[in-house]
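Structures for review follow.
Below, chain A partners chain B and then partners chain C, in two separate complexes.
Right after this comes the complex of A and B.
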């Protein structure tokens, strides 16, 4: 529908930042104005009409196993993550992770025993925190390295020699972040907009507030919108010929009284066939184009195709059950490659297509940035 | 030990033998003696001086019981102390006497209790007393009394540098359980960044594990955290009161009395310095994005750039007064979370001077996040749920923006989005207030960002919203014009504003934006007046706006004159209340003054007011004069020209007179009143008789005396009443 727009509309950029950097001293009004001179022309649609990319590259299997540490990868893959977005971190240094580990564990200790001071440098008995880099999990040069945070603890009545067990983990990442946005931030800021956490809610809150106090950032919940869920369905289905998705399962909620929940599972072959038909239909008219062009086109998926795919699935359902799913809302999708919920929980089951999923989620997180 | 030696020496010999005493106390003693000598001459053996001499010279081991001299002298000193307070010298002598235990421990508390300083306490005396404390024969209760005394008079100690130098020595007393609370308080008052060391932190933590959660330890540790958050961290639960107890009871009343008598020249130290924690804990709620973060100092200092770490920086948390702020302006360390600046009025003063772009960006990220989460992302009607909190938050933001006299970019960006989903009633005054703070929008964007959403809201909302929006747009225009007038002063009018501002806007760009805004309001006003039946409240807000518009040239130096549309002019001219007509007259008068002035300057300064503007103005002026003055309504060539037969059909007699100053619905009552006053005897009223030359000028005087200054100025500037006032002529044209 608005394919030609995408490079402009998707950007969450407010390029006043770019401009700020060049001016060391300027009248205050200027840097408090959100319409920098440069942004006055092209980029301000971002202010009111930001939306997801309308076209994206088809997922390619990444040999991520070769680049990323196996243990870290297992953790990333086996867990279901609760997502949040994070505003850029001020003065975050990837070289300081050791010291962050100490600070965070002291912070947790201090918060856990209210009213007791805790020495930062000293060893913490109850909680041990480790910050680590996830090397290799980046796509573009602008992306900051992913950071993994793990918290270990000993159960309350554990034996003395019992090792500490991981009780909480979380990560901050940025995969294929919008280069214009990332480039517009001053050097003091590191943008890792996507935060996933898994573990006790209380620890999540503590970790978030430590980050807030240390790097002056803010955490907000990140839902996976209706459109993003549809995108995920299409992207995952598109992988079927390389890696079997086994099934395509959707959970819909229909606004009936009482609310009606529909679980709709499609056989992977059928889904693939339907996907092929909407893909082919898209290119049918222009068939016989140049080979290179076709390859280019094949590697990109358009929102229209996703929409047609959804319509196909919905009308199939309607034929059988006389129930129009488009009246309801899609809450959850899952395939063998992973599952995603509207509430912002995601599980990526296969590392080969992890990058694609994280790219989409990074984009969602960047859309939530206040400026 | 050395000190003891000295004390056992002969009383009238030198109080100090050169080897024994520190240089400072020796010199102070010498000056004491010099002063003593001088006084001796003048005061001829004042008994109080003698008493002091007794205490400074008394031999160690002199018995107290049965010693009348001691008692007599003690009473003397006490009398002076409680009535006038003790001089610094007297404090030194008495403190030395008490702490050295020259006459044993019995007198010690009594002396301490009467140490009421008249003005200041010499630092040396306190330091020496601490040395005696270390010698260690003083009973614990007396030790406590001494430290309590130091705490009480802390602000009156003339300097603190030596006390800070023995920080480590004082610190060593924390291990004494009974002294610990008071020592902690004293350390709290003395602590500087350089006094916070790892070993001290460890010692305090060790004590903490022994004594448990003691407020005094927590207070000191939280101060350590302020200076060195990389060494120690803690979280203080709200139920623990983090204030040091008031230890100054024994001296309080005496000190107040003495200070009152002296007109209180010394700074009152009655209120103990303590951490200010007036923060009311916000009630627990699911979304806490509207809570202002607390002021905290930065943890990861090593990550910061070199110059700031080499300089001595002062955390903002440590500043408690404007004077301190000014003193440390050049070395203030920004807090860990910029949002916390909004919570403190002192920090706001500083925010005004912050030039660090990253810092402002941090602030904007936080603010934008809070606004977005509260008003845009909260799907579950969160905004209405906690509107009280939202209200307070926005009020805080508004007062901040008023203080800084401009808006934040994140609130601006937020508003552009929010206007599209706003219902026009949620937190209306606050949202409109924020809206009026947005800076100049380039004319190419203004329609989409501002006008389109506002138009929808305006036409679908109540009269009160319309009035509110008019007021808001008027304020917005005022701020834009003020901004321009400040910066236009620095540049020639011709130079684009970007030499001083990074709003890359040329003068003509700025003019375009202002013009767009004025035109937009003109359109809104015209339609709004129709929709609301020319409601006089709305009209009043619209006239407010045009009072700003008509003076753009003279008041704000912007060479732009925009004449109101007919949709505003005629409703105001035909308004049924005289105030509106009067204000219209005033506005027309100001237009004329502005246009005349612009015309005279046009050639020397390169700008141009379009002929069309003059034409429009003249047209309105003619209409007004004809209508109000000449009774020539509906003449050809005027704006309103209904067909002849239509006018006849209306059955209004002499319709051409129906809007002159006598028959105008707004002024009719004045005309009647005037008529009655002028011809009290007349039974039948003939308003037309006012038209005659004499009564007409009286009538005008009468109207002007009712406070219709606008009308007066309009008449005086537009109508030259030559011979016969009754036949006054429209003479307004200044093309």
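Right after this comes the complex of A and C.
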């Protein structure tokens, strides 16, 4: 029985069963092969294999402050994170976080001695690392707990009680990860596919190296594709009647010479009405579907609705400027709930709808992983 | 030299790039030949500043001399900060015969009537433009030379360009300008940009109406990739038409370097595939901002390459045609700073 309302594409997918050259010598299904029954029949791989879910549950405000420590939440929101995907970690234990903190500290110190490119403001700086568990930041039972890593710079003669701001932060998370895939992982692997970092590039590289060395995993850049950006636009706009998004802003780049940047900002009420008008069954605009019974039916959003939303916005633009926005590329989407850039930078401005955003991003990370 | 004068000079020195320093100081003419020689321009900026401070002390220069230097630098390098264009409206009978000395006197006296502590410097630049530097004080304090307003006005035109003006200062400046230039009102021309030369060119071109109605030959592109012959043949006519339309809308050759254009749209949403939204009474409010290192070139290229459909919509071609880069677009009738638009399906 499906735990989630997500419907999954049924096009034939790569039916690759991968043998991982790992210590456990067990077979593990590739992520893609989990996505369709057709794969088990051993059909020839299709060219357009990987797809995001075509429908997903509409975001509800999660009382996340009840589940997660408020202080930790403040660390996560209102910062812009650079995203990467991570392959599953071998023998990562949530109980060993203190030991990992020490190990990473030592690693950074050692690399510094070797002369790695870490920006230090003087010879006496050492780094203090802290791994912590962000308890409660999960959704399904299969999700591993989110881990937060912070690096503080420690001047050599600092007092103990001096409050320090971290110079680098990062986190690994898995929200609503595909249960089939997670279930197919061998026992010793933990899947935390989404990695976000904020701080000096040198430190990010060091942290990634350490993880790669210690847990036999792989990092890679995660872009937020055009489709994902459209999803975020729609998902965020959908929240407007519960929490004002204040505006819907899109930034496009058109390939003119010199390049032309178009910032298209839509009034939040009007965006909300347009969104309501493209929903299936066309439940009117504005404060339409507020009733309890209707809420259940509305709980799933389809990709077609998202496309129609974008289409409406583009055609309104075209009517005025006779400029085809799809000739360019969508670089950034932002509302009061957060902002997302094609380059893989995400900022979550409000924790209420965080889970939905992270679910989408977790899915992107899982899809982008090479195995 | 008192402390504030010293600070002013230090700040000015930080602003002027070293390579321009010698010429600017030369134009200033407040240093003797010897003193100028004694400055070693290969030294660090900080060292040069100290030297200059010493020389100014020697020559007993005051604030008014330093502001002179600032003005010389700004006049030669006007393309910094944000400039806003204004237009004087409803000229009096003698507006066109206002000449420089009259304007100068009138402006200074009107401004001084409106605000007690103000320091005004007026300089005529070579190309008919009058430059005004205003340092504002108030009833209790002396003029603040750290945040001066600069105004540029060409006497024979109704246009005025202003930078660094606060909303409190705006009515005072407007009043003084209107009275001394002999007009009845002044309004926002809805044109702004970082490069004074660009926005001035844009407005002045409009003023002189030098738009060709038919561009003779499209500019040959030098680095055209040689592609399929069939495609070329097929595309020859449409490409030429697009190019034609692009040049007609935006003009040929070098275009003034505007950085952005903003459109505030308050039109109804009309899309035959979306019945709900089309039936809606209220307008679909949005703001569109176009930005580029050279906006007009980007738009022209969009038109010639097909990203923008030709004929170019009047919304875009209004930028060069009307010399504006801020528009409010509504469905009905022209407002004070809006443009009539008939939406097409």
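Quick note on the criterion: the second predicted complex is superposed on the first by the 283 of 371 C-alpha atoms of A that agree within 3 Å, B and C clash if a C-alpha of one lies under 4 Å from a C-alpha of the other, contacts with A are read in each partner's own complex, and residues count from 1 in each chain.
In the analysis below, a contact is a pair of C-beta atoms (placed from the backbone, for glycine too) under 8 Å apart; a residue touches a chain by one contact, two chains touch by 3 or more.
Quick caveat: nothing in here was measured; it's all calculated off a predicted structure.
Residue contacts after overlaying the shared chain place A:256 against chain C, while chain B stays out of touching range. With both structures placed on the common chain, the touch criterion links A:267 to chain C but leaves chain B unconnected. When the shared chain is aligned, chain C comes close enough to touch A:327, but chain B does not. Applying the stated contact rule after C-alpha superposition, one finds that A:107 touches chain B and leaves chain C untouched. Put simply, more of the residues of chain A are touched by B, taking chain B and chain C as the two choices.
Those residues of chain C lying in contact with chain A across their complex are 263, 265, 267, 269-271, 274-277, 280, 282, 284-295, 297-299, 301-302, 305, 307-309, 312-313, 315-316, 329, 341, 343-345. Remark: chain A residues 254-267, 269-270, 273-274, 276-278, 282, 284-285, 308, 312, 315-317, 319-324, 327-328 touch chain C in the complex. Those residues of chain B that touch chain A in the shared complex are 198, 201-202, 204-205, 208, 213, 217-218, 221-222, 225, 229-237, 240, 289, 293, 296, 298-300, 302-304, 336-339, 355, 357-358, 360-362, 364-373, 377, 404, 406-410, 412-414, 416-417, 420, 439, 441-442, 444-445, 448-449, 483, 487, 498, 500-505. The touching residues of chain A, counted against chain B in their complex, run 14, 16-17, 19-21, 23, 25-38, 40-41, 44, 47-48, 87-88, 90-91, 93, 96, 99, 103, 106-107, 110-111, 114-122, 185-186, 188-189, 212-214, 216-218, 220-221, 368-371.
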